[in-house]
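Labels for the chains are A, B, C and D, by order of writing; each one numbers its residues from 1.
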Amino acid sequence: MTTTDMTPVTKGGEGPELNKRRRVYKPNTKYVPILATLFLLIVMYSSGVANYRNFDDPSVIVNLFRDNAVLLVVAVGMTFVILTGGIDLSVGAVISLTTILTATLLKADWPPLVVLPAVLLLGALIGAGQGAVIHFFKVEPFIATLAGLFLARGAALTINDESVPIRDDMWREISDYRIVLADGVVTKPIAIIAVLAVLVAAAVLAWTRFGRNVYAIGGNSDSALLMGLPVGRTKIAVYTLSGFCAALGGVLFSINSTSGWALQGNGMELDAIAACVIGGVLLTGGSGFVWGTLLGVLVTGLIRTIINFQGDLNAAWSRIIIGVLLFAFIVMQRLVTRKAK
Amino acid sequence: MTTIFKNRLFWPALILVVMLGINAFTSNQFITIKDGHLFGSLIDILRGSAPLILVALGMTLVIATGGIDLSVGSVMAISGAVACLLISDLDNQNSLSGVFIAIGAAILVSLAAGLWNGTLVAVVGIQPIIATLILMVAGRGLAQLFTEGQIINVQSGPYSALASGFFLTLPIALLIAAAAVGLTVLLTRRTALGLLLESVGGSPTASRLAGIGARRITIMTYVVAGAFAGLAGLIASADIKSADSISAGNLIELDAILAVVIGGTALIGGRFSIIGTVLGAVIIQTLRVTVVAIGIPAEANLLFKSVVVVALCLSQSPEFRAKVFGRFKSRPAAEKVGVPA
Amino acid sequence: MGEQSPVLEMTGIRKVFPGVVALDGVDFRLFPGEVHALMGENGAGKSTLIKTLTGVYEIDGGEIKLGGVPVRISGPLQAQQAGVSTVYQEVNLCTNLSVAENIFIGREPRRFGKIQWGKMRRRAAELLARLDLDLDVSAPLSSYSLAIQQMVAIARAIDIEARVLILDEPTSSLDTAEVAQLFRIMRRLKESGVAILFVSHFLDQIYEISDRLTILRNGQLISEHRVEELTQVQLVEKMIGKELAALEDLEDKAQSNRERAAEAKPILEAKGLGRTGAIAPYNLTIHQGEVVGLAGLLGSGRTELARLLFGADKADSGELWVDGKKTTLRDPQAAMKHRIAFSSENRRTEGIIGELSVRENIILALQAARGWTRPIPRKKQDEIVDKYIKALQIRPADPERPVRNLSGGNQQKVLLARWLITEPRLLIIDEPTRGIDVGAKAEIQRLVAELSDGGMAVLFVSAELEEVLRLSHKIAVLRDRRLVEELENTADVDADRIMQTIASGATS
Amino acid sequence: GGSDSGGENGGGDDGKIVLGFSQVGAESGWRTANTESIKASAAAAGIELKFSDAQGKQENQISDIRGFITQKVDVIAFSPVVTSGWDAVLKEAKDAGIPVILTDRAVDSTDTSLYESFIGSDFKVEGEKAGDWLVKEYEGKTGEVAIVELQGTTGSAPAIDRQTGFAEKIKANPNLKIVKTQTGDFKRADGKTVMETFLQSVPKIDVLYAHNDDMGLGAIEAIKAAGKKPGQDIKIITVDAVKDGMTALAAGEINFIVECSPLLGDQLMETVKKVKDKQPVEKRILTKEGTFTQEEAKAALPTRKY
């Protein structure tokens, strides 16, 4: 077959026309879910304002960040894991372990500046261990991190099954430190740390090689490997990061409540996963943003706030209403994104 | 010989046998005949694993299509609540027809719950984990609403026979589970359903282009999962002769998923193994009993569990086996890695 | 080029998969500044050899020397660092990432650790322009057709400054213009001293670009030659290990007798069928026993046109008539009810189900059509599957092997078998001969001819114009996602005539 | 800075007292009865109740309390999920001028000015009462008594305190021996399965001590299935005295129940009113509760409210 004479008019000759025909404009749809979520969040907030007394108080929004600071930090770590197509069930238990260990060590008069890095390191190590098992032995992330959950919570319960108050001055001071944003609107350091975590994570995901490798692995880890990306290292790093975030969450928890407890953060793994998914992160990996996770956390927090303001729901009804609100939100989100695409 | 070792269910089965051995050793009666039926800790274990087997069966099908069902525990609670409410309203709680109607109603409600999940996943297109999270939260609320947060007691012979009755010397609960296993095997291996499920789980796009009605099949798996969860709820509530809407099936989804994964079905969907799932469920129940039998302190339960789970998942990992038991082959002479200067 | 020392030397390479010896003591040498073709039938072990070289597979025996130094490459990353850049057979990119990222990931331009997105996009656009492509580099790769993805993979590989460039069937889904472009670039690289390993089933391409070739058969090294030493016929004989006479016979049969049964009924008529952004409204009639070929450049909309006829995408304008009745195809299932079959060009993501066995993959469509309640009896399955494994020479001929482990060409045959057993009335095949060796290609062409003689209508999409010309009764030419001309394939129609239409965009 | 006295803007238009109440969760029938009691008493006392359910999580409870502060309720009451970890949020409430009342369980804050009062039972005392009864029951007997214990949720306050209180009381009698102890998670189903295994692995069980009625009731099923008589072959002590438990006690299947009354609604509302009017209240208000033997149960059962 001859090839040369079949070449169509090359670009030089018919340049602009050829370019035009080849470029079919496709709107960039990757931000649609986030915008939709944001929009619905605003709708939800406005209806809260319309229905409840004092809902328009700015501290409602500010408290949202503070009450969900731990969840936010944990969910940020979870986002990395989910983006690679994995899952980390151990985060809640790592929180437990961190809080109880922190409290116990502080009670034993360890210097706080030793305790802090120690527990953070421990969290990261647990994560790294899970990542290593997942990568080297090809164990399903679900089961590896479930074992991690049992291990961490088991260790926490063995350390102490009672709740332990923290009387350390540094912890107390951080806990009591008030950051006045406006008159009557106060927030605490833990909220700032959580917001920082989001910012850092967003920057890492968007601007660093590590961040992009995370997306690539989630998109197709076989291809990523063939493209010469450090798949194993990245996977382990992601679980390490999640373990670290969980430990950081635990520290924030111990600051927020100045105590440690082996059941602290029980079930938070599911909340974190839910927050990611609500924020449009795909569980199959490779798609989503930390911003989405932030919105997801705010949605779940706002639902709780609404229930709190409603104030006349018993346990049964508040579960049902949470379900209904979640349902309405997800379906609306689905419809909006579908239409926009 | 080698083929037995290579079978990925070999090691889990071995662990099960070891644990059963421990139980045989610690218990007064491992298996005997008493009052005309089988009796002993083995029977207790098998009977006790019936609900988990049922739930895990449904979960296997759902997971095979690449989904997940978090709502099974809530469906159990609902089904138990419906049945017990209807039975407690009977003039004669021992009337067979009344009990059957109650059971039928409970199963119908569970089917509806499954249909709801399936529709959200397959028609609305919501990620399974979040679609079923909705019912997980709201469903338990509904059950609590039905029972007004109280435990509904029933004194119905036929109903409690569901869990503690015997037929032909075998526990009825076990027979029900066995029937469900038989039915599922029949449904998936004697019809083409199994193939189509695995195909949908393996690649949804390719399946669609091969003309598979993925939507209907997906919905069906959720419906089946709902029905089996409902049945499990009935057995669980018959076991304690009451409907405990708060704790019935609480966290069973985790155990069920664990059973599925131990059984060799990957969470991303595709190939599934029913027998593996049953094995997984029995292992989990045996583990639960063993912890009590050998007197592990409550605080250390989870530590023990984590050790077993780690052992289980490592034993199933070919990579692990290769690295640990593998022959250390002599490699070609060249040992230099990477870039020659 | 004189006998310098080889940049790559593989000796006695052995690779065993459970049940198959994929490579058995293969030697292979690659010199700087040459294009070296690796030849062999489907399943001969070409891709496996490449993967052992880049460390995807660990070798079970043998030695690899790079630049004279023995190395053990533990993975693609190390291979890249050692100066080996590879385009693997199946497009192995991350379609969720943007085009630019797919080219640069792992090597992104950075400042202070921060990726410079602007620079990256600019460089990606420049690089693609060298391949004559003008893409929106920030759009996700998934929004482009497989052929474009292939080009992007090539762009990535040639941008990596490498001593060795490996191209495993890069041209399988490219049209002639793109191939020419690729060859230009290959020549330039060759001149600068890069050693290129090239795999293709197109003999013309081999003869056009390569300097030397190595022939594999059944995992064994047959021989190494300079291209001039060997005629095409000799080459094929060495590849298949028998006389070529039989093969030529096949080709003749495919070529002759393209007379169509007169008075055939139309099976399917598209009237102004179209989909915004994908394909402009078009009219097309396909008759019983007719082979309609689609010709056009890469991205001209052939795939899109075909997908509408199967309900794989939904048309948003126009009408579709099947058997003289107006219908809408909401999904592939609906099309299958009319006994329309469609085999996608994208076999890895839209074709095979990797985990399932060859048998299961073959019976899948038939089973789907029957519904889950009516399983095909196992005995019948085995019968059908055996028949097609033989007919299409699927290798290894083990129906229970996961299809994922088959070589690319054999996977393609499995897909073809999947649709043939449904006995469709209209068979739409998008690039069915992609990645298929000479023998099997002739076999498939013969099959198409035979089927159409038997009354089956075929819509045949191929980037290979010759193939289209040889098989079709009627050729529809596409340009710019628009059907621009429909030609009866009479004696005076040839490749030049069609290229003219494509180039000038003449409308009839 | 903190707002002025919460009453001004929070009191609603009708001048009703607004009480924000954060419940632990709805983990048992006991808890439901507790919730109902509070709701009913609030309605009766003309107090507007803002109720929220923390689903057993401290983080939820802390944010619920903050929510009440934002809503500027008049008084906050809550049943803490755990003992420690309340200082910060209590301080916030104090800064906002909102008085706090604890119910059901104390907190371990060193600064007791952070809350006005604590109404509720003492889990440790409950365990002690159970222990006392057992010691008395076996007074003078020296034979070995094998006790099995069904604990509540591991790490939960009632489980820990009921265990310690009980253990402390029987310590003095070496013949009273806890041979097995395991968690039954406060659930009937788990009570049953754990008891099944106890029965299989302990040759002879004399006494069962269950941290709540529900586990005890589950265990009774297991005992019956094993062909033994609950209450006779095995003596059973439980805590709570919910209706099902009392029925079993009256029927002779349980031997002794330590009451843990959920009905503290009236006491709470009374205290709320006093606190609102800045009247002094007692720092520790114990709920009125006792213990029940089989005879007492028969007498009490007809008039039990829950």
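In this section, a residue touches a chain if its C-beta (ideal position, glycine included) is under 8 Å from a C-beta of that chain, and two chains touch if they have at least 3 such contacts.
Predicted model, so just to flag it, every value in this text is computed and none were measured.
When the C-beta contacts at B-D and at A-D are tallied, the pair with the greater total is A-D. Mean C-alpha positions place chain B and chain D at a centre distance of 33 Å. Centroids of chain A and chain D (each the mean of its C-alpha atoms) stand 35 Å apart. The geometric centre of chain A is 41 Å away from that of chain C, both derived from CA atoms. Per-chain Cα centroids separate chain B from chain C by 44 Å. Chain B has residues 144, 149, 298-299, 301 in contact with two or more other chains.
Shared interface positions of chain C, i.e. residues touching 2 or more other chains, are given as 81. Chain D has residues 26, 32, 35, 154-155 in contact with two or more other chains.
Interface note: chains touch in the pairs A-B, A-C, A-D, B-C, B-D. Only residues 190-193, 195-196, 198-199, 202-203, 205-213, 217, 270-271, 331-340 of chain B touch chain C when the two sit together in their complex. By the touch criterion stated above, chain A contacts chain C in their complex at residues 1-11, 18-19, 21-26, 28, 30, 206-209, 212-213, 215-216, 218-220, 222-230, 286-287.
On the side of chain C, the complex with chain A involves touching residues 54, 56, 75-77, 79-81, 86, 88, 92-97, 101, 105-106, 108, 110, 113-115, 129, 132-136, 138-140, 143, 156, 176-177, 179-180, 183, 202, 204-205, 208, 277, 297, 299, 464-466, 480-481, 495-496, 499, 502-503.
Residues of chain A that touch chain D in their complex: 52-54, 57, 59-60, 63, 66-68, 70-71, 157, 161-167, 172, 175-176, 183-184, 253, 256-268, 301, 304-305, 307-309, 311-316, 318.
Of all residues in chain A, only 133, 136-140, 142-144, 146-151, 153-155, 157-158, 161, 270, 273-274, 277-278, 282-284, 314-320, 322-324, 326-327, 330-331, 334, 338 touch chain B in the complex they form.
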